[in-house]
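Chain naming follows the written order as A, B, C and D, and within any one chain the residues start at number 1.
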Amino acid sequence: MIKIGLMGFGRAGKAVATVFLRHHEFSLEWVMRKQKLLSHRSAAEFLGIDTPDPGEIISVDECDINDVLEKKPVDYIVDFSNEESIYQYANAAAERRVKIVSAISHYSDKTISFLKEIAQKTVVFWSPNITLGVNYLMFAAKFLKKIAPWVDIVVLEEHFKQKQGVSGTALKIADVLDVNYSQISSIRAGGIVGKHEIIFGFPFQTVRLIHESISREAFGNGAIFVAKNLEHKETGFYRFEDLLLPYFSE
Amino acid sequence: MIKIGLMGFGRAGKAVATVFLRHHEFSLEWVMRKQKLLSHRSAAEFLGIDTPDPGEIISVDECDINDVLEKKPVDYIVDFSNEESIYQYANAAAERRVKIVSAISHYSDKTISFLKEIAQKTVVFWSPNITLGVNYLMFAAKFLKKIAPWVDIVVLEEHFKQKQGVSGTALKIADVLDVNYSQISSIRAGGIVGKHEIIFGFPFQTVRLIHESISREAFGNGAIFVAKNLEHKETGFYRFEDLLLPYFSE
Amino acid sequence: MIKIGLMGFGRAGKAVATVFLRHHEFSLEWVMRKQKLLSHRSAAEFLGIDTPDPGEIISVDECDINDVLEKKPVDYIVDFSNEESIYQYANAAAERRVKIVSAISHYSDKTISFLKEIAQKTVVFWSPNITLGVNYLMFAAKFLKKIAPWVDIVVLEEHFKQKQGVSGTALKIADVLDVNYSQISSIRAGGIVGKHEIIFGFPFQTVRLIHESISREAFGNGAIFVAKNLEHKETGFYRFEDLLLPYFSE
Amino acid sequence: MIKIGLMGFGRAGKAVATVFLRHHEFSLEWVMRKQKLLSHRSAAEFLGIDTPDPGEIISVDECDINDVLEKKPVDYIVDFSNEESIYQYANAAAERRVKIVSAISHYSDKTISFLKEIAQKTVVFWSPNITLGVNYLMFAAKFLKKIAPWVDIVVLEEHFKQKQGVSGTALKIADVLDVNYSQISSIRAGGIVGKHEIIFGFPFQTVRLIHESISREAFGNGAIFVAKNLEHKETGFYRFEDLLLPYFSE
């Protein structure tokens, strides 16, 4: 069993906890969150999942991270909380060679430097969108652009009406493909969960790479993919494409 | 046999001629165009179609429209030429009760008034996009908006890289649905022939109405649909939705 | 306030209750279900919605429907339970002119006759798929087929891997359009929530009508649309298209 | 200038000739075909393209391939004719180190052995579908299956009504991904040019890889991509993925 400690228990965190609790190769040891609301309750019981995982919900202000890591040791800390969180657990994790998997959407340059420093002592992974599908899309798209650098590339994203601004994932896709932000079209309508489409316009054919989100549990499956692929990796700083690349050389 | 005289022999005109030449219920009597280039050649022979249709190509400057209508009478004049053209043939047509089907993309208010005047003497039809699919889309969309006036509506159009500006059809769709032009997204990439999508975003479901163009011959099939549906109509000015509406009451 | 009594509290019933509880023009008076599990609890409280609606959950075996309708009168009984249910409440409802909205997927011919009998005394509505989107799709598609009876029609449906057999909605669409079942393609993959696409293949253009489900709450919005459109209707038996048709004549 | 000799002048051959004639880095030296119909005419003139390319149309029965290769030497023979053709030119080409690019849809095992024999003396390339898009799709899909071997894979293809049987490309995609043919859905409607979609169904997300054909000229661009990527390759037998793989290691 791979032992997991989870930081964050918002909407994404809950979905991720659900996936870990249901997976027979993983055990959710504890969940740490800012709010005291559900303190000391069992994550499994709260989410209505029948599993022997201990998974106690702990308030970050009511505990000492070193204590937690001593009493309830884990193999991975999976972070779905917030940018500052990393400073609270990273050193304690690194000392014990606990691997870090962070899915925080944005880190400042300063924090990225800190991550790389920590990465000299343990495995540190960071992906702002940790779903397998979106990362695959970016990887596959980059490769098509390499083959046909002159192709027209357009990014189309669709989300629910209330979503403000261009989606972070669409911006990331544009960055990765070196596509001007003016080539991103954003559709906002009703309750659309989330769709990203990369259109490659060739003169006589069109290629479309599409990712459709169904639910937040996709983050959980992404975290599981990452954890499994980091298992035998050496100390260092990893991004999602570092995990995808080896699948080609085999 | 329904006899057709065609104004215009550009790319759209040629595609439309092809469809009429191949249709066993229609006979293409003549094609009138500005250029003298193909004057007196047979449209059928030029387009490589094996048909007994007379279909001579006539230069508009080398003939008198009254003469043409006397010697080679037609039931319909189908217009794929340009805005000014109507002034050359409309009176002559109206006198002989020849029906007019115009697919000109844009007419000034002055010309629209002229059309309505002519429509007191014969059947006059005008549609800036004469494909069945696009007109059906607008009609069906208007109806959905009537059912659910609060729904989010977005228009998405895709065309080849070189196409300038927002597509006229997309603007027309937005007008018909009273949708702000800011809700139109335009994709330009490679050789995409033409796609229009109307997205209706409901809170818990999404409806998409999509039209994909394959080739300009769609204009010809549209003109045939129009001609057939105007056959027993009385003198007056008709738009595409006047032809679609009766299909509901039957 | 329009007063609602809801039959059934399974997954669809819960989603429908949620929509009624959140809607300011409706009041959920009670929920009746077979299971005794949640008996006497408040539907609003159980679903975590903050509303003054009374909405008590009642076990069907522990109460008398006439009693319920006396003490907690409603304008509509909305039925998301099962085929047999109608026999328990229809007479009591009809006597009090309570309108019936049934979303049961299938009724035997015998039950349909019974519905029509009841419909002589009150408004009775039945739709096996009560979402606005799917019903609109069928209506709009029927109309396109009327315009172009010779067009190629294909139905494509996509659902999650475990879904057995062709979707009932796809079969219904095929029936409505008089399309052979061999022209239905069923895709089963992963967690796809539900997508129905009707493809109209013309020689030179393609029209696609697409419905994508996001969540079961769509049934609730459908029921609300139905209830509102039945408000001033006279006694009789109604189907979804009876409610859509008037939007054209206006 | 890279000099090209083209075998075959059917619909695909003509489209491919068009692309070569318009490309400033290639010169079409001759076209060889079975029919005598257009013998000795210029391909450029026949196709209405203004270019200095010699490109004479030669009937295969009226010439000797050795003669042709002596008098009008080429760097590549590009084959869009038929399965038997290879036996007529391969030895003559191999002797002169002329590279062979074959886009024949099907070769018998015997012919494949012959190709490999010839490949000991010159560069031989074979792809039954020589478009960049379809080959990219297969390559990218294979890689996603490697990453997530347990994912549900479905192949969807759409073509014009008259197309018989499942598309060869869809079968090839299924083979490459080790997907059962029962997981291929074929849509036939109207004039759809050609669409292939590979659906990867994950529990909480869906990935779609789509290829849409616009016109046969895509074969020409494919042949150009292949010719350029074979330029510095050593003697041997190559498939499309041999040309795609290096783009990853760079």
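By our rule, contacts are C-beta pairs under 8 Å (C-beta built on N, C-alpha and C of every residue); 3 or more make two chains touch, one makes a residue touch a chain.
Given the structure is predicted, the values throughout are model-derived calculations rather than measurements.
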If you take the mean of the Cα atoms for each chain, which one ends up farthest from chain C? D
How many angstrom between the C-alpha centroids of chain C and chain B? 40
Centre distance in Å when chain A and chain B are each reduced to the mean of their C-alpha atoms: 52
Of all the residues in chain D, which ones touch at least 2 other chains? 190-192, 200, 202-206, 214-215
Draw the chains as dots and join the ones that touch; what shape do you get: line, ring, star, complete or other? complete
For the chain C and chain A complex, residues of the former touching the latter: 190-193, 214-215
Chain B - residues contacting chain A, complex: 151-154, 156, 158, 160-161, 185-192, 199-206
Which part of chain D faces chain A closely enough to touch in the complex? 131-133, 136-137, 140, 143-144, 146-148, 200, 202-218, 220-221, 225, 244-245, 247-248, 250
